Amino acid sequence: MNKVKKEDTVIFYDREKDKKYFINLALTPKFGTEHGIIEAENVIGLEYGSEVKTHKGYPYLVLPATLHDFIMYKLNRLTQIVYPKDAAYIALRLDVKPGDKIIESGIGSGAMTAVFAHIVGENGKVISYEKREEFIRNALSNLRKLGLDHRVTAKNRDIAEGFDETDADAVFLDVREPWLYIEHAYRALKKGRMLGILVPTVNQIIKTLEKLENMPFIDVEVLEILLRHYKTVPERLRPEDRMPAHTAFLIFARKV
Amino acid sequence: MNKVKKEDTVIFYDREKDKKYFINLALTPKFGTEHGIIEAENVIGLEYGSEVKTHKGYPYLVLPATLHDFIMYKLNRLTQIVYPKDAAYIALRLDVKPGDKIIESGIGSGAMTAVFAHIVGENGKVISYEKREEFIRNALSNLRKLGLDHRVTAKNRDIAEGFDETDADAVFLDVREPWLYIEHAYRALKKGRMLGILVPTVNQIIKTLEKLENMPFIDVEVLEILLRHYKTVPERLRPEDRMPAHTAFLIFARKV
Amino acid sequence: MNKVKKEDTVIFYDREKDKKYFINLALTPKFGTEHGIIEAENVIGLEYGSEVKTHKGYPYLVLPATLHDFIMYKLNRLTQIVYPKDAAYIALRLDVKPGDKIIESGIGSGAMTAVFAHIVGENGKVISYEKREEFIRNALSNLRKLGLDHRVTAKNRDIAEGFDETDADAVFLDVREPWLYIEHAYRALKKGRMLGILVPTVNQIIKTLEKLENMPFIDVEVLEILLRHYKTVPERLRPEDRMPAHTAFLIFARKV
Amino acid sequence: MNKVKKEDTVIFYDREKDKKYFINLALTPKFGTEHGIIEAENVIGLEYGSEVKTHKGYPYLVLPATLHDFIMYKLNRLTQIVYPKDAAYIALRLDVKPGDKIIESGIGSGAMTAVFAHIVGENGKVISYEKREEFIRNALSNLRKLGLDHRVTAKNRDIAEGFDETDADAVFLDVREPWLYIEHAYRALKKGRMLGILVPTVNQIIKTLEKLENMPFIDVEVLEILLRHYKTVPERLRPEDRMPAHTAFLIFARKV
């Protein structure tokens, strides 16, 4: 699977100017560069790493974009997203692996969904509950561009009604009032498996912990992840001047 | 695959005392609890979530341990390990997915290897170069307890001789002098794919950046990840008093 | 004032072994070193920087300890202290300067009191309200060893009764339920001057902010300060492995 | 000293609109508000906290600005400044107190100089070496607006020639190549007193530590201070989205 597919997000890299563009071929059949137009149809089917020329004959390298690139630069956002630093840790803490069945709510813009679908592979499944249909539509179109939509089943439903599944390998809640749905999440989970919850405020942590205390969960953890970049100048190495100070708090617990 | 296997690391959970033990059944055929002995052979084959009794008849719940649990509590360490907060982000930034072929050096105690093997699945491969044979032996025994060893090929070799592969989906270097091996890593990588490097000191960042500057890599990033835990007491919510301040710096770059 | 005084905390420095001891002369009239005894009375009156010999004739350098040294290594603690990283910032944000009149409650072990007294100088005053007499006794004895006790008036009183003063240049609250005393603090402050509050938990921040919202305060700020040390090895420069993750949250507001 | 002086920086506070302006009276003899003009001469001599009216009769409260306010909002900057979070800690670690004689280089825009002068008081002295005359002019004009300039002696000189003083209570270096001047700083310091150094990059830390290793300094420390703000909304308490990730690294050492 090293050939460019029509739904791929690719990088057009200008070696001379050391400049790159993240382009989704499905969205951009004709991409206008400063050196002329690149037609998506001339790119599809090429080996990654090969050269494509604009109509004026200027050469660009065609490189694969990673899931990280797509989430950060090309995901169509209708909501605040789960950032890669958080999404990667959530997936590991929830022990997500190929073949797993993962339940999440809500679908947001599909960033977390994409990371789950990326890891569960062809034999796995992500079931995403979301009450707002436009979010589902947007998230699925994001997932389609990643070739991951067929691994996701979106259910346009309020989780106040509960989840249909009772054998989830993990459940992830990214909703405003997670404490209201923890009993549903408990029922959906296999015994011994992990619940993950994402909340932006400390007030939500407090309410969530109060609920978890009274339920058969163990290994309850609350944490946050900070990512700090450095300027990549070896003779003057130093952290970047500014950084994201907060995206969300993460809460984990194990069903017993 | 929800039955306990003989090589599994499981949790014995004492509901009454709300106490848990992480036990590797292969390592501990007889586990002595305060309420008597649990025989591994009585556990193997049970459904996860079921009850097992000690020879005195005291009941414990048998729960699955996650990869995170194993790395943090049961991995046999001969070296400093790659911590889950870093390992999860590395795997995402290197775009590791089911079916991928990943190259790493060295194998260390197998923590990063395990995370890669966990994600690449049955159709993927992790090729790990390590010159110290005792590290390979220890890492493979750790991987065996996770049922992941068959996804890993360890090569007992100094990477000064280079890598055999030229089609790696990602390369990860966790060695003292990574700058010496970046050209080898470049050759091993598919075009457009990511190189990841882990170093503990800023001096190593500087030398690595100096090398990367003179090679066809783009998207060079240097960063660190901080994980901060909170005490899980809702009526007195506050961060833990102390935290790990540093594990390692992460460097990423894309081959062009 | 460069001569050693009998109440001073000094450093005995062993040049040969590059070893140092923080000693309070009032507390330790005879200090036993591995090379014999140093008599406090042989030290008092010396110029700082001069040499003192043990009864066996082994030489030590006599150096002044800083307020920071005393707080960190010699303060007698009956309570959690305000750490220098926080105390220094609090003093600056409250605009404490020579000649100021500062009100605080409680006195704790006297660390914050010492920093205030250190800065207000001979013409300034720190008035410290504390209901537990043993805390006052201990804090004043700490301040005495710093030669700062005469700048401090301790009032053994519950601030539920309010403060006597109405012309404070700054008020600092380090009590369990600061929201109960903010009106008293308001009355004690000069118009336009700053209130500082220290709390360890987010629940206390929430209650304090709810109170401040309904009072004539502006410039309300909530923040925390993190201090990260580096290992001082130039050829392997890196952050320390662990750090304090949390001491307290700081809240500031200006009376209008 | 609670009357408004002609060189003061004051706050005009509009109670109705809960809006404030930081105004330096010396710089702004006539300040135009949305409700008319305030004449500085009508403000000078008033008690802080009193009301002043615009020419249209709209009332503003006159409040004192703190040193922190001035540095953050009114300091005229020709250079990167030392931020209050760092300046406050530096002053405490250098044990700066009323009556001290402090040496610094360079003067920058006068932020650190102001904090030193603020604390040393009327009987103290800050001696600031700076080779660029325009920096001295600008810094002194900043200090004048704080009423602190008479506590500062600026020497328009390259410190390659060394310092005139040999009895400094503390020395602070904020220059590009501090390692070149550490011997001068050593000579200028009293025995046992502290040297402070500020550098933005890790390369500078490395060179500075290499120099300090070969000199009679003890208690060498390298650290950085991070300040994290929270949104002051009690019902949705959370850290700010972004924060300064780096201002400078601080290095401290004690002369023996």
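Labels for the chains are A, B, C and D, by order of writing; each one numbers its residues from 1.
As a working rule, a residue touches a chain if its C-beta (ideal position, glycine included) is under 8 Å from a C-beta of that chain, and two chains touch if they have at least 3 such contacts.
Quantities reported herein were computed from a predicted structural model and do not represent experimental measurements.
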Type of subunit A:subunit B copy interface by residue overlap (half), same or different: same
Maximum centroid distance from subunit B, chain identifier (CA atoms): D
Gap in Å, rounded to a whole number, between the CA centres of subunit B and subunit A: 21
Gap in Å, rounded to a whole number, between the CA centres of subunit C and subunit A: 47
Numbers and ranges of subunit A residues touching at least 2 other chains: 202-203, 206, 228-229, 235, 237
Subunit C to subunit A touching residues, read off their complex: 202-203, 206
Residues on subunit B engaged by subunit C in the complex (per definition of touch): 200-203, 228-229, 235-246
Subunit D-facing residues of subunit C, complex: 1-2, 11, 13, 15, 18, 20, 48-49, 61-64, 66-68, 84-85, 87-89, 91-95, 97-99, 115, 118-119, 121-122, 190-194, 202, 205-207, 209-210, 213, 218-230, 232-235, 237, 249, 254, 256
